[in-house]
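Once you scroll down, you'll see the structures, which are given as structure tokens.
The following pair of complexes shares a single chain, chain A, combined with chain B in the former and chain C in the latter.
Showing the complex of A and B:
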């Protein structure tokens, strides 16, 4: 009985400490471990899909200086899409098509959420690569393809990865809406807490999601440091001794507040 | 437009009142009946039915714009901004006497809420034969008529988060009925329950009796043979000032109307308002005309 209850409901007088320390909370089909796995798997899939969709196209367009106005316009439209409404509209369509509650509606909605910031950061990163480096490569006989792949993308990689990190944190913080659309994941605790008027579940679930979002940011920052191409790392080290070289920070500043603002609006 | 309609109705009501005054005796002077539907289509139509009926009998009625739910309705009744509300009796019980034992017998529920409403100077009139309670809904082809029948079927249950902590819901299914579900899924209450059932994502959902989609999709409601769902008949509740001013004529008139409202009527109204997207006041007026009350 307590096991069954542990999956979908807990007594209202359970304290946060009791909830977190009860093994039933962590294990079993409705436990935190399974829910965490569900959430991480979906978020990872969304980030990978968004990167595949956004980065190559955006880098190419930026290299050719194509579609600057159109892409800015598309990115802004994309940011204005309310993720929850998109997913909620897709759920009945998915059900009627025999695809079930999950994963397509929430996957598509979250991908639409993350493609715009990734597209934008890639576009700006490639476009802002030092023209001297690009022209030097061309002068040495690099093909356009080689200019993009060997010069622009490595130099832009830091900013591209920053965009990816921002998008990943945003996805982790938004993914819990799936629990309100027939899914589970970590959002289930918030959903059940609200539905059952049980603050322990709501607060506990919020804490778990905030922790995961924070951890995602930290992990990706670490990966970002390690994965930076050797030349770029050396370049940054050289530059850091010279004040005024801040093109990396510029883009982050543009991407981050807009993204977090949009996420806050969406969750509300 | 609604105000124009109200004005027309008022005119019609006045005319009607004059015509029948000789037969029914005059309506004594008294306070305006202030009524307001809770803000979902079934409750709005219900309020319109009672209000238009009373208007046609010559009582002064003010139909306020629908707003809020049970909590607001009861507190406004207590505060005097409303003097007539219409509510589901099991819901009233849960709101006014949360510690009392829920019951599937409407008379037991009435006993509890009569006292509770008396405490705020209001009187519960007779409840309707119409019930809009929780419903255990399955696809039409499932070989079962009662909830007991599905105990060993290993169904997948879809229900709202609330259900899973309630003895009148999931806990009742597992402990009173002894049902072993193969799995459970939390689905927000509303039309999506029907979509999930139709798509065979789940085999059973906990919905409400009068969801028009039940018939649309060819689902069926299983009988609650062990009686765990609370009785959710509908009852009008009047501030005592109205009864003092208008006396038994008013009470009898309202009880007569309540006795005519069936669950099928609720279903038909909800179909009109939720599937056909028609206005509640039109739906209410047509029903009253069909019953020969207008």
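Showing the complex of A and C:
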């Protein structure tokens, strides 16, 4: 595959501008459009899979206040996993099983990278929802399911989305290691740039990845805005439900003590 | 007793009682004048029997075998120091906490037989932190329970608007969100939400603890006003003795470990503390607190050294001698005219002719003894004139206030017309 075919060799004195404006750079099997498609598809798959794996379980456990220590522990181990090493270890297993260089090894490695932060942010978000609102919901006769779905998740959603966004940007920024493990995607320009000792390719590839990561953040923010109902959207994360800071004091309403000090007599 | 027939017409609606049964006449208690039949009146709205709670992993009871009856339509305050289990007790009533032992009945039904979710939808609940749903509008917050109960849209909407009026929330605020309201307004919405499905029982956990004292006082007044109209059975947890005294019909004072030290009216609690603990809890100034509890109208009526303006001076002199007073009050047609000093009372003059001093201290029968005392003290007199909407009702003296505190202020007093 691409390891064998490699990137179309380009002269070393090509400038970035020349490279980016050359239509051949964009089209064809090794072109930017195809590579971008590969990267976006994999990243999207990883993010969706991680969210499905992390969010429901984490939200439920946090709602029940279960496995607080165990989750923290697993999350920390997960964060310590070196993604590249995991993917590299998975490649021979995948090859032996007949699944090829990709997408499984890199998909699993990236998912393992993304699940822990998503799990953690969801757990913390649900757990930190204003207890008064949750208690009130329960006292109003909400079922546990309704407490989670109509109170905890909406109020936690801002933090959950933030965790999702951070994880997504991390995935996009990490995905290029795929090119070093027999895959394609935008990482190929960095790999080929290094291979051909061509800085233009390396820098160009890096630029593309950074741009995609930034775009991912913006896109997810837009999706978040569309997904949230107004009542949730207008809440700032840092004041999810505290009572008004200022108590209005309407002194005119306060009753005067009864009785009148009418005329000033001089009784003794 | 016979069932009371006729809706809301009180004494007049009682069926004629055969002569053989009618003596001695049985006076109607104030709460018996409603439409409910006597059998119902005998079962308390909420009954706790041997209710005990020990939390897992602890060796002491949080609440020790508690018996408590809450009369229908009354406000009961649970009060006590931290760790006395007052909130635990409250939360056991709607099964937010399950008792370790004992039985809790609401309207005679054991709550442990009812699914918690349905039980709670039938009980109003107000907490200190209010706990409004910040992502929902005020209207949606108030509509919470009716919507859970599946009321149709128009009925919910109508109810929300009605409740906003009841608790004094402007209709324009209904589309706003909780964080746009002040603490006091939020608490009103909290009360509206608790009342939404018209539950007969309301549980309140330090409902006014989070607002400043001025707003708190106002919310307490509003609660009392509301209660006058709605007649809910209310159990209220508080750590504020003044609040308990002000709003509650009965106060249950709990000691650490959920031991019921005294269950009595606020006045009895202050007048006759059942134990040293109660005495310490209500404090050395309990007499002063009782002053805030009783009104001038609660004191026995006392005319004082007062005569009709047309009486003769000899009568006047006799009256002030009787009262060992230096001043004589003059009244004409139930209007207090003023005071005249003893040295002006010369036999042969007409009382009407003597120069009068206007009364400095005047109180209404509805004034608390505390404000009466305040008025007497600041006017440097020892007597205040009781005027009810301009009509002279008598006088109240320092001595009378003091004597009143020695007695039972809950006992109904006969008032002269």
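Heads up, the rule we're going with is that the second predicted complex is superposed on the first by the 225 of 268 C-alpha atoms of A that agree within 3 Å, B and C clash if a C-alpha of one lies under 4 Å from a C-alpha of the other, contacts with A are read in each partner's own complex, and residues count from 1 in each chain.
FYI, contacts are C-beta pairs under 8 Å (C-beta built on N, C-alpha and C of every residue); 3 or more make two chains touch, one makes a residue touch a chain.
On a predicted model such as this, the values are computed, not experimentally measured, just so you know.
Asker: With both structures fitted on chain A, tell me whether chain B or chain C touches more of chain A's residues.
Answerer: C
Asker: Would you check which partner chain A:191 touches, where first means chain B only, second means chain C only, and both and neither mean what they say?
Answerer: A:191 sits against chain B, while chain C stays out of touch.
Asker: Report for A:154: first if it touches chain B alone, second if chain C alone, otherwise both or neither.
Answerer: Touch partner of A:154: chain C, not chain B.
Asker: Once the structures are superposed on A, label A:142 by its partner contacts, choosing first (chain B), second (chain C), both or neither.
Answerer: The answer is second: A:142 touches chain C but not chain B.
Asker: Which holds for A:133: it touches chain B only (first), chain C only (second), both, or neither?
Answerer: A:133 sits against chain C, while chain B stays out of touch.
Asker: Across the complex, what residues on chain A touch chain B?
Answerer: Counting only chain A, the residues touching chain B are 1, 4-5, 7-9, 12, 91-92, 95-96, 98, 100-101, 179-182, 184, 188, 191-192, 194-196, 198.
Asker: If you look only at chain B, which of its residues touch chain A in the complex?
Answerer: By the definition above, chain B touches chain A via 160-162, 164-165, 170, 174-175, 184-188, 192, 195-196, 198-199, 201.
Asker: In the complex formed with chain C, which residues of chain A make contact?
Answerer: It is residues 130-143, 146, 151, 154-155, 229, 231-232, 234-235, 239-244, 246-249, 251, 253-255, 257-268 of chain A that touch chain C.
Asker: Quick one: which bits of chain C touch chain A in the complex? Just the residue numbers, please.
Answerer: Touching chain A: residues 94, 96, 116-122, 125, 127, 129-137, 140, 144-145, 148, 177-186, 190, 193, 203, 210-212, 214-215, 217-218, 221, 326-327, 338-339, 357-364, 366-368, 371-372, 374-375, 378-384 of chain C.
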